[in-house]
Amino acid sequence: MKLGILVNEGPYTHQASDTAYLFVKAAIDKGHKIHRVFFYHDGVNNSSSLTEPPTDDRNIVARWSKLAKEHKIDLVVCVAAALRRGIKDNNLAEGFRISGLGQLIETGIQSDRTVVFGD
Amino acid sequence: MKLGILVNEGPYTHQASDTAYLFVKAAIDKGHKIHRVFFYHDGVNNSSSLTEPPTDDRNIVARWSKLAKEHKIDLVVCVAAALRRGIKDNNLAEGFRISGLGQLIETGIQSDRTVVFGD
Amino acid sequence: MTESTGGIDMDEGTSGVVKKFLYVNRKAPYGTIYALESLEVVLIAAAFDQDVSLAFLDDGVYQIAKGQHTKGIDVKNFSPTFRALEGYDIEKLYVSKDAMETRGLTEKDLLVPVTVLGAEEIADLMEQQDVVLSF
Amino acid sequence: MTESTGGIDMDEGTSGVVKKFLYVNRKAPYGTIYALESLEVVLIAAAFDQDVSLAFLDDGVYQIAKGQHTKGIDVKNFSPTFRALEGYDIEKLYVSKDAMETRGLTEKDLLVPVTVLGAEEIADLMEQQDVVLSF
Amino acid sequence: MLHTVNKSPFDRNSLESCLKHAKKGSAILLIEDGIYGALKGTAVTKKVEEALKKVSIYALYPDIEARGMQDRAVDGIKLIDYSGFVDLVAEHNTVQAWL
Amino acid sequence: MLHTVNKSPFDRNSLESCLKHAKKGSAILLIEDGIYGALKGTAVTKKVEEALKKVSIYALYPDIEARGMQDRAVDGIKLIDYSGFVDLVAEHNTVQAWL
């Protein structure tokens, strides 16, 4: 099955991006296809290459980047939400791309299911 | 009177930083002294020099910087919270400085009142 | 158009597919940015020729309250945009009867014409959707 | 020490002043970061020789529930730190009786020794403070 | 003591918890989405009117106006601006935010 | 239809609103702080037990365990892991998150 994912909250601050990540991993393990993970609202902060969590904590941004690389997942950050929050190409972590909100609608159209993680 | 301010939420996402700003401005207008504004949790995002809000919206980060300059307000960003969220010296807006949580406690000790703005 | 829709050529990949999209609004305006950024999604959605509905439940009904004047908090008043939705062919606006009653609001307190639904009818509306987006 | 307290020389500027600080915890752990980052403040506060109390109200009581195992959600379990507070001379932990009852919890469900207070006693506790910090 | 509440009473428990823990004679200021707790004809109006016998309640008018809730405030709730907010803080020894 | 609820029922109104709008036969999954709604002996237990007559309720066990609430789930609530979450999504035509 083709799944689309929307993440509305930033890393560490809310559990939403943790849950989204663990859900996506489980879906891949079960053989589902992830059409796209779209990051909106504070969710765009998941793509900041500048975050430095304590060494004994998970690295949420790096975890997404690794997932994107290993499974060719399309990680899309909303451009308008990103500008408002100071995310740009030069502080965008590997595996993410910045694009418009249309990509969220397209995710809804193309995916068999759209699952939202937020606050 | 000497006032200490704690801001726990990021700009745009929550109204907390707007309210804190308007409160601080009103306090200055009335002749009070602002001992410090301390930014914690997502509040550290108020100091990102990279944010670009739409042109017809207020610029929250620039507003803080201007206030700091005009009234010599000490704007302090918590280092641990900032690292977790990707705020560092090279993307820190003018008028802010990064320091430790002790500065929050010191604010509570030194100020006649401590006012918290959050979610 | 290409820019606002994220560089998607809408005739490719999505052509012919018309899904029922429901946007669920449960949050008050201004206290948080969710209401504003949700509305930005709805405006983009209008370009995709999908079957769009908006539901205002709980504090979401406050988003379409008349008489919003935001100068005093120095935040942009986005409520007039709801009036513009009709021009984008977004006309299916549903409001929870319970939410209105809990808040002492009536239809004449609202900015735009809406269809008021009871809880069961809202439940039916939700069941009919292909995609439900909430923010 | 200088680093963790933000470069403040505690003998200068704050010397002699002892204020009553109350940390109010009303949020559940893990769903949001507030509980963890609040605890980080409390640990730093311990270095300042102030009169520190912690109040756990509403969902805040869940922060000190026994038996937390966070491996499954891949988040760091910070609850053992509450056990360490005693070593920092932070021993005044107050818990709302109402909050416990609403959640079906008893003192034996909690990680640390606490003083259980009724709403009126909590109100009194709050009134006695010089600084109330909530996150 | 001054208490501030910034959340809608229909969505969160903060106003309820604040009212439960506010001592007689203390002040409560409703700001941001908290102003929805200051209005007539809602499901929480009675509770707020009851509380007015015990505590003073204020609401930040710029927040009321932003949300289009002018002329709806419960009688007895005092409407103030940011300058009045500052005065309230100065007049009370401690401020507690019900986040 | 699958509903997800991720907030504590003691702090937010999302579980209540979800229960009000969930049709007979639909499924509700409690995740994150939402799992506090799945527990025995609380102020919402009765409401949840009542709802079980009409809908299926699931709770994400890793979230229950993280919060130390093992062995407290109401009888009739099914405990699942992330893999079970994926299955629930696949089995239902639509998913609605009660944010």
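Order of writing sets the labels: A, B, C, D, E and F. Residues in every chain begin at 1.
Definition applied: a residue touches a chain if its C-beta (ideal position, glycine included) is under 8 Å from a C-beta of that chain, and two chains touch if they have at least 3 such contacts.
What you see is a predicted model; the values in this text were computed from it and never measured.
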| item | value |
| --- | --- |
| For subunit B and subunit E, chains touching each | C, D |
| D-E or B-D, whichever has more C-beta pairs in contact | B-D |
| Same or different contact residues where subunit B meets its copy subunit A, judged by the half mark | same |
| Centroid spacing, where centroids are CA-atom means, of subunit A and subunit D in whole angstrom | 33 |
| Centre distance in Å when subunit D and subunit F are each reduced to the mean of their C-alpha atoms | 29 |
| Subunit A-subunit E separation of Cα centroids, rounded to whole Å | 38 |
| Numbers and ranges of subunit F residues touching at least 2 other chains | 6, 10-11, 13, 32-33, 62, 81, 94-97, 99 |
| Interface hub residues of subunit B, defined as touching at least two other chains | 8, 12-13, 15, 19, 22, 41, 80, 114, 116, 118 |
| Where subunit C touches two or more other chains, by residue | 26-27, 30-34, 58, 73, 75, 130-132, 134-135 |
| Pairs of chains found to touch, sorted by chain label | A-B, A-C, A-D, A-F, B-C, B-D, B-E, C-E, C-F, D-E, D-F, E-F |
| Interface residues, subunit E side, partner subunit C - complex | 6-8, 10-11, 32-33, 36, 39-43, 45, 61-63, 65-70, 72, 81 |
| Subunit E contact footprint on subunit D (complex, rising order) | 24, 26-27, 34, 57-58, 98, 119, 122-124, 126-127, 129-132, 134-135 |
| Subunit A contact footprint on subunit F (complex, rising order) | 4, 6, 31-33, 60, 62, 81-83, 85-87, 89-90, 92, 94-97, 99 |
| Complex contact set, residues of subunit A against subunit D | 12-15, 18-19, 22, 56-58 |
| Subunit A partner contacts - residues on subunit C that touch it in the complex | 3-8, 10, 13-14, 17, 19, 21, 33-34, 37, 40-41, 44-45, 47-48, 50, 130-135 |
